[in-house]
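Data block below; observations after.
Letters A, B, C and D mark the chains as written, and numbering starts fresh at 1 in each.
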Amino acid sequence: MSTSETTTEDHEHPSDQKYMQIALLLAVITAAEVATYFVHIGAALIPTLMVMMVVKFFIVAAWFMHLRFDSKMFTRFFVTGIVLAVSVYFIFLTIFEFWTKG
Amino acid sequence: MTDTMSEETSTEEQRPLGVYTRPKGGNGWRDWVTTVDHKKIGILYGAAALFFFIIGGIEALLIRLQLATPNGTVLGADMYNQVFTMHGITMIFLAAMPLAAAFANYLIPLQIGARDVAFPRLNAMSFWVFLAGGIFINLSWLLGGAPDGGWFGYAPNSGVVFSPSVGMDFYAIGLQITGIASLVSAINLTVTILNMRAPGMTLFKMPVLTWMLFVVQLLLVFAMPVIAVALFLLMFSRQFGANFFNTEMGADPLLWQHLFWIFGHPEVYILILPSFGIISEVIPTFSRKPIFGYDFMVFSGIAIGFMGWGVWAHHMFASGIGPLSVAAFSLSTMFIAVPTGVKILNWIATMWGGRIKFSAPMLFSVGVISMFTIGGLSGVTHALSPADTQQTDTYYVVAHFHYVIFGGIIFGLFAGLYFWWPKVFGHMLDEKMGKINFWVMLVGFNMTFGPMHVLGLQGMSRRIDTYSPGFGFEAWNMVATIGSFIIALSVLIFLINVVVSVKRAKGQPPCPPDPWDARSLEWMTPNPTPEHNFDEIPTVESLDEFWHRKWGTDEEGQIVRVATAEEVCQDGTATGVHLPSPSYWPLIFAIGLPFLGLGLIFNLWLTLPGAILIVTSLYAWIFEPVDDPDGPHGEHHADEKEVSEEASDV
Amino acid sequence: MITKAIKKTWLALFASALLLVTGCAADAELDTLQPQGPTARDIDKLLDPVLIIAYVVFFLVFGATIFIWWKFRDRHEDEVFPTQVHGNTKLEILWTIIPTLILAVVSVFTLITLSSVNSTETNKVMVTVEEESVLWEPEVVVVGQQWWWEFRYYFDGLDGVDLSDARNLPPADIVTAGQLVMPTGQEIELSITSRDVIHSFWIPALNGKRDAAPGRVHPWKLEADEPGVYFGQCTEFCGLSHSRMRMQAIALEPEDFQTWVDQQLTDQDSDLITDEAVARGLTVFENQCARCHVVNGVNDETSIGADLVSNAAPNLTHFMSRTTYAGGIFNLYEPDGTIDRTQLEAWIRNAPAEKPAYAEGRRGMPALGLSEDEIDDVVAYLETLGAPPSSFIIQATEVE
Amino acid sequence: MSEETTTGLSHNKLAMWVFLGSECLLFGALISTYLLYRNKFYDGPAPGDIFDIPFTSVSSFVLLMSSLTMVLALSALQKGDIRNNRLWLLTTALLGAVFIGGQVYEFTTFIREGLGYTTSPFSSAFFTLTGFHGVHVSLGIVMIMSLLISSYRGKLTKKNTETVEIIGLYWHFVDVVWIIIFTVIYLVPNPTS
C-alpha cells in the first residue's frame, strides 16, 4: 500500500492499429470458443473454455481498459474485487456441493 | 453514479440551458439542506443517527417490557415481531452505521489535511439518500405494518406467503436505498483518503482512526453489492413472483443465508472498526504516550477486514451445511481473535506507564477495552461449532453481540462524541456529567446484557415474544429489563448534558483550540472548525504531526514544549478559500427514491414522480458547475492567491 | 496444559459462579449445561475448558485495566510526560503468537468434538410390528411446520423413502406430533426437514440444534442415558408463533418403548363406537376436522391438506397418548391424570385465540365456529383416541 | 486537476475503478446464484433445451466489437479528431443497441417457448442475471448518447478525454462481464430436461 504514491498519468496510448489487432485476436478466440459448441473435444472442454475466457478477460482489461499502462492503484482495486469475488463465491458454491453435484 | 460522471462542464461562462440558480449560502435551514460541506454533513449524519438510536432504543425498551415477566402482554406476538425486527434494522443500519459515517465525514478530511471530500455533492447525496431510506423504512409502521422477518430476513419466512404484509417489501427496498447511500459514500471517502492527503501525509502517517475508516470504506465497497443482490432477489421474489426461494420448485433457502452473511459478517467489522479507530485516538491523547505499535494497529485492522470475508458461515453452524464447511468456518472464525487481541493488548500497552487522565472520553474508551473483550470472548465460544449448536439462536448470542455492539461500538462512539464535541461545536460537554453518564451506562449495560449470557445458557431462545414460567427465565429477564431502563437513563443524561452545555456556552467565546493536548491535524484548526477547515494546508512530517509541533525533546531526552497550542493552531481567519457551492440536487434526488419504492409496493404510478425527480435532479446536477461564479463565496475571490481547488466536479 | 488441581479449582469456581447466577437451576428444563446424553456431554466437555480460558483472558485484560487505573492515573496537573514508548516488536510478536497457539489447541479439540458429534453409530433395535419382529435401525423423520413438529417412524428403514418433498411424504408406520418417543441408551438418527419455513430442532439436554429447512433433509442424532422427558424449543425464527413451537423428547426403557409402539400401531376402529356422543363427535370430526387431521382408520394423509399451506395438521390417531398439544404449549392432563377439558374445548372453539396464527392465511388451526354441543361431542370423540401415557410422563411434561 | 491529488490520479477515474471493483461482487453473486439454480428448471424448459448458441454468439461478438469502437472513439478524441470520435461513439452505441435488441429478441423467444420469469428458479436466475447485465448495457448506451449530444453541442473536446475514458471503462467492464456470462452460462454444456 505504501508504494501507492506514484504518478503514471503520462503514458503512450497504443495505436489504433494495435487496437484492431487486439480486437482481431479477441474475435479469433471467440470463434474458437463458439467452435467448441460444434466440435466435441471431450473432457478438455471446460478447461479450454475457461482458459479462453480468462485470456479474453485479461486482454480487454489490459488493453482496452488500459490497465497495462495505467496506475497500479487501479489494477489493485479491480484485482481485489475479482479475487474477493472469485474466492468468496467459489467457497459459496463449494458449500452447496456445486462442483460435485451441480 | 456512473451516470453523473458522464458530462462535466467544469467551467461555464453564461448560464446555459439546464443550469439553474444555485442556492445561496446563509445560515438558516436552507443552508443545511443544500450544504455540501463535509462538516455539516457529518453533523447531519450524527443528528439523524442519534435520532434513530433513540427510536431503536425505544423499540428495545418495548422488547424488554414485553419480556420483563413471563407471558407478557405489552406487545402481541405480531407487534413483537415487528418491533424486534425494526430494532435490529434501526440500530444497525440507521444508528450505528450512520453514527460512524458522521465521524468519517467530519474527521477524515480534517485528519488528512483536506478541505473537503473528493465529491462534495455526492457526499450530500449520500446523507439525504440515507435519511430518505431511514424514513422510508419507518413509514412502514403507518402504511400497513413494519417488517416482521427479523433483521436477517431468512427466506422463505420473508416471502409473500409467510409474510404477506408490506413490511418485508419496505425492508427489501428500504435497505436497498440506504445501501446506495453507503456505497456511494464509501467510494467517495476511499477516493478522498487516497487522493486528498496533505503534502507529506503518506499512508503510514495517517492517524489510526483514518486508517480504520479507510478499511471500513473498502469493506463497504465490496460488501454492499452482496446484500444488494440478496435484497434484489427478495424484492423480485415478492414483487414479481421470482422463484429464488420457492422451495416447492427446488430453490434452496440457504441461498439467502449465504448472501446475507457474506455481507453480514464484514458488516459487523464495518460497525466495530470506526470505534476501534476512535479509541486509538483517545487513549494515546489521555495517556500522553504515542499509540503502542502503530504498524501493528494498522495491519491488524487490515487483517480483521480481510479475514472478515472468510468466516460468514459461522452464523450457519446449525443450518445444515456439511460438517467439512462447519469445520473450516469454525477454525477461520477462531483466528480472528488474533488480530483483535493485538489491538486490545496494544491499547493496554499504550496506557501502561502513561500518565493517564481519566476524562469522560477516556472512560468510555477504557470501557470498550474491557467490555468488548467480554463480547469477543463469547464470540470465540460461538466459534466452537459444536458448542454453538447449543448457543445459536439463544440469548447467549444476543448477549455476545450486544457486548461487542454496545460495549464496543456504542461506548466507542460516545467516547468520540465527548472527545470531538468541542471541535465540532466549539464548547465542551460537561465533564462531570460525562463521567456520570459513563458509570450509569456501564452499570445499566452490564445489568441488561450480562444476564443474557445466563438466560442463553439456560436455553432461552431468541426472537420469542414471550416465555412460560418454570424454565428459570423470570429473574434474569426482570434484571435485564431494569438494566435497559438504566441505559435509557444514561442516554438521557447525555442528552441533558448536551442541552446544559449548549446553554452554558451561549454568549461565551468558543473553547480553546486544543482542550485535550491532542495529537492529530484536526486540532490545528480553531474550535469550532471554520468552514474552510485549514487556513493553509499543513505540510506533514510525522505521525501525530500536531503533537510534534507542540512538543520536542531536549538534550536529556525530556519532553519539552516547543510551542503552545495557540501558536501552532491556525486562527481560521483566512479568506479567499474557494469552496464548492451548495446544491439543491442531492436532496431532490434523494426525495425521488422513496417514491420509486412506494411505487413498487403500492401503485406503479407512484414511481412516476419518483423517476421525474431522479432524472431531473441528475440532469440538473450534471450541468451544474461545481463552483458557481456568483455563488456565496464570490466575495472571497478578491484574494485569489489562497485559492485551492480541492473538490472535484461531481 | 493445566494441571488437574488447577483445573479442578477453576471448574469449581466456575461452577459456583454459574450456580450463583443460574439460581434455581432445578427447573431450567432447557439448560444447556446439564447434559443428559453423550452428544450433549461431548459438547459440554468442549465448552467448559474454553470458558475457563475465556475467564482467564478476561481477568487478565480486566486486571490490567484496573491496575493501570490504580497505578498510572495522573494525579498532577503538570506538563511532565511519561517515557514515550512507540512499540516493541518482540512484545507484539509475543501477543500475536500466544493467542494463536491457544487457539490452535482449542481448534484441535473443536475438530475432535465435531467429528464425534457428527459420527453415527446406531445399533438396530428389535421392534415388533404387527406381530412380526423387525430390526429397526432407530431413525425418525422430524418435520417442522408452523408451529408444531411431526415425527414419523418408518420401521422398514428410510432407504427407499423419498423425503425430498416434505409436503408429500410416503405413509409411515407411526405419525405423531409434539413428542418424540424414543428408547434409551440408543442413538436415534433424525432426518430433519420442513414443510414451510425454516425451523430448528433442539433438545438441549441431548444435543445441539439443527435447522429444519424445506427442500432439504438434515441428519442429526439424539441419545438419552436415562428415561425421562427432555424439553425442546424451535429456535429458528419461524413467524408469528415461533415462541409457541415447543417439543419434547420422551425417552423410555426399551420395553416401554415397545409398548408405546404397539399402541401406536393400532388404528382406530370406528365400528366399535357405542357411545352416542362419541358417535356424533365422529361425525363432526369427519365433516369439520378430517379435511386437515388424520385419524388412521377414518381417513389418511392422501385425502387431506388442501386447506393448509404446509399441507399437514397433527395426526390425531393417538392424541390421548400425548401429554401436551398445539406445539407443546398446553397440557392435555392435569397432574392427577384427569383431562384438562376446559383448555381442549377452548382450543377447538377458537384456536387462534389460544395460540396466535394466521388461520386466514391457511397457517395454523382456524376457529371452526362449532356449537358448544358439537365441541362437547368432538372432545368426547377425541378422548377415545389412544390410551393415556403413564403418570410419570404426565407429571414430567407439566408445562405452564 | 489531476496533478493536485496525492496519488496523481484523477478523482473520477479512481472512483470509477473503485466502483468497478465493487461491481465484481455484484455480478459474482448473480452468476453464482444462476449456477446454483441452472438445473432447477422444475417443469419448465432447461437451459440446454432453449439456449440458441449461434444466435448468442453473434450478439456476444457484437458486444465485443463495441469495445473496440469505444477505444477507437477515445483514441480519436485524444488526437483531437472530433469527427471520428463522434463516428465511433455512435457506432458503439449502435452496437450496444444491437446487443440489447438481440437480448430482447432472445427473451421474447424464450417466453414464447414457455420460459417465463416465474417458471422456475432457473428462469428467475437467468432473467435476473442477464437482465442486470442488460440494464448495465442500456445505462452505458444512455451515457454514450449523452456524450454524443454534448459533442454536437460543442462540449466534447480534447480536454474531456477523461470523461470518455471513464465511460469507456464502464463500457469495457460490462463487456468483460459478458465474456464471462457467455462462457459460463451459454458455452459450458448445459443440463437438458
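We take it that a contact is a pair of C-beta atoms (placed from the backbone, for glycine too) under 8 Å apart; a residue touches a chain by one contact, two chains touch by 3 or more.
What you see is a predicted model; the values in this text were computed from it and never measured.
Undergrad: With contacts defined as at the top, give the pair, A-D or B-C, that has more of them.
TA: Ranking A-D and B-C by C-beta contacts puts B-C first.
Undergrad: Take the average of all CA coordinates in subunit A, do the same for subunit C, and state the distance between these two points in whole angstrom.
TA: Spacing between the chain centres: roughly 51 Å.
Undergrad: On a C-alpha centroid basis, what's the spacing between subunit A and subunit D, in Å?
TA: 15
Undergrad: Calculate how many whole Å lie between the centre of subunit B and the centre of subunit C, each centre taken as the average of the chain's C-alpha atoms.
TA: 39
Undergrad: Report the inter-chain centroid distance for subunit A and subunit B in whole angstrom, where each centroid is the mean of the CA atoms.
TA: Each chain's C-alpha centroid was found; their separation is 35 Å.
Undergrad: What are the residue numbers in subunit A that touch two or more other chains?
TA: 4-5, 73, 80-81, 84, 88, 92, 96 - these are the residues of subunit A that touch more than one other chain.
Undergrad: Enumerate the residues of subunit D that touch no fewer than two other chains.
TA: 6-7, 9, 14, 18, 21-23, 25, 29, 36
Undergrad: Give the residues of subunit B that touch two or more other chains, as numbers and ranges in rising order.
TA: As it turns out, subunit B has residues touching two or more other chains at 194, 222, 250-252, 254, 262.
Undergrad: Which chains touch which?
TA: Taking the chains two at a time, the touching pairs are A-B, A-D, B-C, B-D.
Undergrad: Quick one: in the complex, what on subunit A touches subunit B?
TA: 1-2, 4-5, 73, 80-81, 84, 87-88, 91-92, 94-97
Undergrad: List the residues on subunit B that touch subunit D in their complex, please.
TA: Listed in rising order, the residues of subunit B that touch subunit D are 1-3, 5-9, 118-119, 183, 187-188, 190-191, 194-197, 201, 221-226, 228-230, 232-233, 236-237, 240-244, 246, 249-252, 255, 259, 262, 645-646, 648-650.
Undergrad: In the complex, go through subunit C and note every residue touching subunit B.
TA: 18, 21-25, 27-33, 40, 42-43, 46-47, 50-51, 54, 57-58, 61-62, 64-65, 68-69, 72-74, 76, 79-89, 91-92, 95-96, 99-100, 103, 106-107, 110-111, 113-115, 117-118, 146, 167, 192, 196-198, 200, 204, 207-211, 213-216, 218, 231, 233-243, 309, 329, 356, 358, 361, 363, 399-400
Undergrad: Quick one: which bits of subunit D touch subunit A in the complex? Just the residue numbers, please.
TA: Those in contact with subunit A are residues 2, 6-9, 13-14, 17-18, 20-25, 27-29, 31-32, 35-36, 38-39, 53-54, 57, 60-61, 64-65, 67-68, 70-72, 75, 78, 165, 168-169, 172-173, 175-176, 179-180, 182-184, 187-189.
Undergrad: List the residues on subunit B that touch subunit A in their complex, please.
TA: So the residues of subunit B in touch with subunit A come to 194, 202-204, 218, 222, 252, 254, 258, 262, 309-310, 313, 321-322, 325.
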